[in-house]
Amino acid sequence: MSKSGLVITAHPGDFVWRAGGAIALHAKRGYRMKILCMSYGERGESQFAWKEKGATLESVKAGRKAEAEAAAAVLGAEIEFMDAGDYPLGNTPEMLDRAIDIFRELNPSFVLSHALKDPYNFDHPEAAHFAQQARVIAQAMGHKPQADYTYSAPAMFLFEPHQPEQCDFKPDVLLNISEVWETKFKAFQCLPAQKHLWAYYERVALNRGMQGGRNSGKPMVHGEAYMRLFPQALEELV
Amino acid sequence: MSKSGLVITAHPGDFVWRAGGAIALHAKRGYRMKILCMSYGERGESQFAWKEKGATLESVKAGRKAEAEAAAAVLGAEIEFMDAGDYPLGNTPEMLDRAIDIFRELNPSFVLSHALKDPYNFDHPEAAHFAQQARVIAQAMGHKPQADYTYSAPAMFLFEPHQPEQCDFKPDVLLNISEVWETKFKAFQCLPAQKHLWAYYERVALNRGMQGGRNSGKPMVHGEAYMRLFPQALEELV
Amino acid sequence: MSKSGLVITAHPGDFVWRAGGAIALHAKRGYRMKILCMSYGERGESQFAWKEKGATLESVKAGRKAEAEAAAAVLGAEIEFMDAGDYPLGNTPEMLDRAIDIFRELNPSFVLSHALKDPYNFDHPEAAHFAQQARVIAQAMGHKPQADYTYSAPAMFLFEPHQPEQCDFKPDVLLNISEVWETKFKAFQCLPAQKHLWAYYERVALNRGMQGGRNSGKPMVHGEAYMRLFPQALEELV
Amino acid sequence: MSKSGLVITAHPGDFVWRAGGAIALHAKRGYRMKILCMSYGERGESQFAWKEKGATLESVKAGRKAEAEAAAAVLGAEIEFMDAGDYPLGNTPEMLDRAIDIFRELNPSFVLSHALKDPYNFDHPEAAHFAQQARVIAQAMGHKPQADYTYSAPAMFLFEPHQPEQCDFKPDVLLNISEVWETKFKAFQCLPAQKHLWAYYERVALNRGMQGGRNSGKPMVHGEAYMRLFPQALEELV
Amino acid sequence: MSKSGLVITAHPGDFVWRAGGAIALHAKRGYRMKILCMSYGERGESQFAWKEKGATLESVKAGRKAEAEAAAAVLGAEIEFMDAGDYPLGNTPEMLDRAIDIFRELNPSFVLSHALKDPYNFDHPEAAHFAQQARVIAQAMGHKPQADYTYSAPAMFLFEPHQPEQCDFKPDVLLNISEVWETKFKAFQCLPAQKHLWAYYERVALNRGMQGGRNSGKPMVHGEAYMRLFPQALEELV
Amino acid sequence: MSKSGLVITAHPGDFVWRAGGAIALHAKRGYRMKILCMSYGERGESQFAWKEKGATLESVKAGRKAEAEAAAAVLGAEIEFMDAGDYPLGNTPEMLDRAIDIFRELNPSFVLSHALKDPYNFDHPEAAHFAQQARVIAQAMGHKPQADYTYSAPAMFLFEPHQPEQCDFKPDVLLNISEVWETKFKAFQCLPAQKHLWAYYERVALNRGMQGGRNSGKPMVHGEAYMRLFPQALEELV
């Protein structure tokens, strides 16, 4: 059975800018990659869509959904939406229940989500907390006890927010995404309304890459930064 | 050429209690393991030796040196002493110069040292700072520029202090040392004067092991905890 | 059009003790100053009122409302109440919606609120979080999209809690309120039941003033301390 | 009137492993000790019970309740359950109201609860926050104002979580529980399904004891670690 | 044999403003109180003395010494000077050796010193580090091993710096100094050149006193704030 | 008399990459800008120079000096060298004395230096500490008391290190350097051996610029990030 990875984000853009490299890289390595996108970012992250004449909540959501599906396809991932609403993120017990099911069904090797603090966007830590809760509750034998499953809480990584220092984000991992950079950049192009961010996140990738090289002594061109939420159990240090 | 690891400690006991498992484990895996022991712990960590009649600084140092050599041999490591003096640790520019040489000669895959803070023992952070400085200066092309060497600053791990929380020690790595536990415990026995610590550090190993199992979902009996000082550059997340 | 400032507090006393100087100062400079007071502090901050014979929730609320209105008038500010209830603070989605409207209507240059942590009073961080959320959501183009408004999220400052160190409060700004100290002290006098705090907060003002002078080299008699929540964008450093 | 202490935990095991020594010690000294146990840990902390054939939520809860009552009796404490549900903890306004009443009825000298952060178990910080809120609101004169009571918010101590460093747990107090260790260990035996934790928490007690001795210069065999949440008001430093 | 307390400060004023209450209080309770004053504050804390015509380093030092001796006498303490020089503090190995001797001779129940960080005055953390080192090395059996002494490293408290939040100072202890306030204020009067600080530190004492009352529920008029550097070993929680 | 600013760096490159915008901007506004460059970076920051045939310490230093002078001239600043040696930085009491004189002579409105922590380069925090000490000691009336000067300790800003998060660097200020970007980039070109960093720091400037715009609501193209070390004394909040 193939390995898998899960990505839980508040809005569509997040998985593209922040984790697109990890998604494409692991998909390429044969992982089943799944994105759980909690909202369409329809209220707070769709400025351009709202400037179109006749825009309605439904039309904006439909547009963002199509973009997110296209980006996920480029990256090689499945995507599931929760339509929780954004600004503020409106998650419910039913959504938590569904997320727990996904953890059990997928039994991922790792889960990626937002930084635990973000004073610019409260949907982000809310989504991260949601991911953490689902990850833990999926272990509870008394939750849907009749279910037949194997599950072990996976490693959890937090991807990079827009202004990392303001979010207490300190990289523990610099992931080499050079070999999938072209793919990540293609996914950027599925989000034409945020074209000003393409170059921004290309610069982030190049600078994280150079930092990766500095830390390892081996060159890295494009990188993605992650915080690791739990200690690693290792059989050897390096 | 075999891989290698370097351990820099203030006193002899430190490499036994705190890093004995990592030393034995990597030695067993074929690493060349080297311990740089900055002092003999002759003033501050030799209470029992001083209680012997006729004890002198020289006799205490000789006794501690013999114990440390025996423990290093059990663990499968080379050991070099600096005789820097302890309480307080008396490192000099010449010692720093020697440590830089060792970094370049050994070109280790990793270096282990003390936590950066320890309000119970100022020799410990002093040794860690010394290790950090040598690790960095060894990169400076203008330091002994005629030398012919290949060197890349290695990963650095901090081993567990006696009272971890008071030293801001938060484990990033739980290393499975189960397969070398017997060896580590034999090294304990080279330090008969500190017999009261044998059981203490066996309990630490068992509890860190259980924590390792909790974090990975795979059983671990004996563990050693480490902080990682720099971000990891990775080609895959898990 | 004149500039404006917004103050969001959990209880009436808070805007007097903690931000009364800033309110009076900016009012004097021509700012439209508005206080959004989430509760009357009727349950948890009205000990004296409850000691009066025949006190009821309604009578206590009415008394506190009158005091708060008097204090706001002295300071030169408008005041709006939410009657959210206190201990615990009972904010609702409707209140958040109203606060978002206020941000858009006022388009303030700055917003003042509580410290993000307060182990003595959970209404305080709750109010600060409410203020932060409203500040951000007011930017969301999809929130009430037909509205015609100009809004840019303002600078946010946290005022000083009663026991600053226990609340992780570290001043970034020492505001010179000397020229409005008389006014602030008059506002104190609108709160006769808390007379024991008049002298306490006068001492706070005098000591913050002396600290202000130490940091700038220019004398300051009365000061108010603030934390700044976001980086400043500057055209010149000083 | 005798002094009293209150313990608020999310699940039954918590008061045994983490605070059993303090409970037994103060009970022995004549304190009225009361445990408020918010859930039965029926979903997330009852793996063994769920492996029994025919287990239902009700049977698991009943089993855990009986164990908790037995352990409380061994320790010399009263116990009250809230049946709030676990994973996630489902506290309600009514439960908060009951907890406030308990604070006022008991007027405890101290309250013990969980660490404020625990990324492995979100029920724990939720219970701690619940305890903090009840502790503060019980002071509010306008909460049930007709009540006749004397209440002063007690000292609050946080007991040790399973992986202390990951929970930002740093001991302020090492309580000598040597004289009640036998009792605490008997309470362990009321929890047969978690036998693997008996030895774990015995090791914790022995190592905290040795640390206690190191910090005071006076031997301590078994210890329990606590964080103190508020400053102490003292009449003399030692 | 009577109990004792040791106070290690960088400059004369420090023990008066920051620890004068604790000194007077414990002296009154029969403790032998000793102040180790590392410099006379002659360069950096004697602005007024330097404004006098004909001032020389020696005359300024003599003046400050006389003031410090007078203040110590008022507080009921012995005082010893090191003449280490200030701005920067010039401590030597010989001074450390002397301080170690003092720790062993006095065997104090507690030691008071500066906060570990102070960006306004680097002599302060330097003195605190010096105190910490001497406290630890005094335990080392191999330091002057022939000496006949009983010594156990005492509890260590950090007194309040001028701008506490900027120094990461968070009070753990609020000491009730009401009964010796008059004495502390008399000691202020031994420092006529710093008259502007008399009122400042009276306000600090009154506000720390009110905070003490808030935390304990028992009134406190004048208080002094301290951080506790090591965990307490306790036989009972309150 | 014109205003002035002081920049204290460990090595030549630092003032170019990290503070070149602030230097050029304030020079353009009429400030007298002075750089105090503690070493030539001859051992640790001159890899390319050492690869040249026949390189000696003197030739490397001369080359770096010429580059630094050229860059300072482009930026519009004076430059003074200390030749303290690098890796490790070898500052002496005489150098501190000279730096104190500079603070008094220049009486700058602000001083710029390194972050207080940098695990990649210990010369950086050493230089920052040196700058802090000189800034404070320059206030001491007893330091060279006959001197005739006016001095008030200036605002201090820390510029951005190479890997900001690893250095606990959190921006408080985003300085708009768009109008001098061309000048800053010309200064880059004075450092031909580090051409790989030109693009890196251009990306940093563009991303900090975009962040500046996000925080203020006003567009910023190129930015430089700074931490502010002391609270601001303000007459108005915005």
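Every chain is named by a letter (A, B, C, D, E and F) in the order it is written, and numbering of its residues begins at 1.
Methods note: a residue touches a chain if its C-beta (ideal position, glycine included) is under 8 Å from a C-beta of that chain, and two chains touch if they have at least 3 such contacts.
Please read these numbers as outputs of a predicted model, since none were measured by experiment.
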#### Entry: chain D to chain E, fewest steps along touching chains
1
### Summary
Going from chain C to chain F via touching chains takes a minimum number of steps equal to 1
### Message
Report the chain whose CA-based centre is farthest from the CA-based centre of chain F.
### Response
D
## Note on the structure
Rotating chain A onto its identical copy chain C by a Cα superposition takes an angle, to the nearest 5 degrees, of 120
### Task
Give the label of the chain whose average Cα location is farthest from that of chain C.
B
### Task
For D-E, find its twin among C-F, A-C or A-D: the pair where over half of the contact pairs carry the same residue numbers.
C-F
#### Entry: Distance between the centres, which are taken as Cα means, of chain E and chain A, whole angstrom
53
### Query
How many angstrom between the C-alpha centroids of chain D and chain B?
38
### Query
What parts of chain B, by residue number, touch at least two of the other chains?
120, 166, 171, 211, 230-231
### Message
For this structure, enumerate the chain pairs that meet the touch criterion.
### Response
A-B, A-C, A-D, A-F, B-D, B-E, B-F, C-D, C-E, C-F, D-E, E-F
### Task
Give every residue of chain A touching chain B within the complex, in rising order.
5, 22, 25-26, 29, 109-110, 152-153, 155, 157, 171-176, 211-213, 215-218, 220, 223, 225-226, 228, 230-238
### Residues of chain B that touch chain F when the two form their complex
96, 129, 132-133, 136-137, 139-143, 145, 229-231
### Task
Could you pull out which chain E residues touch chain C in their complex?
120, 162-166, 169-171, 199-200, 203-204, 206-207, 210-211, 214
### Query
So in the complex, which bits of chain F are touching chain B?
42-44, 46-47, 50-51, 55, 57, 60, 86-88, 119-122, 166
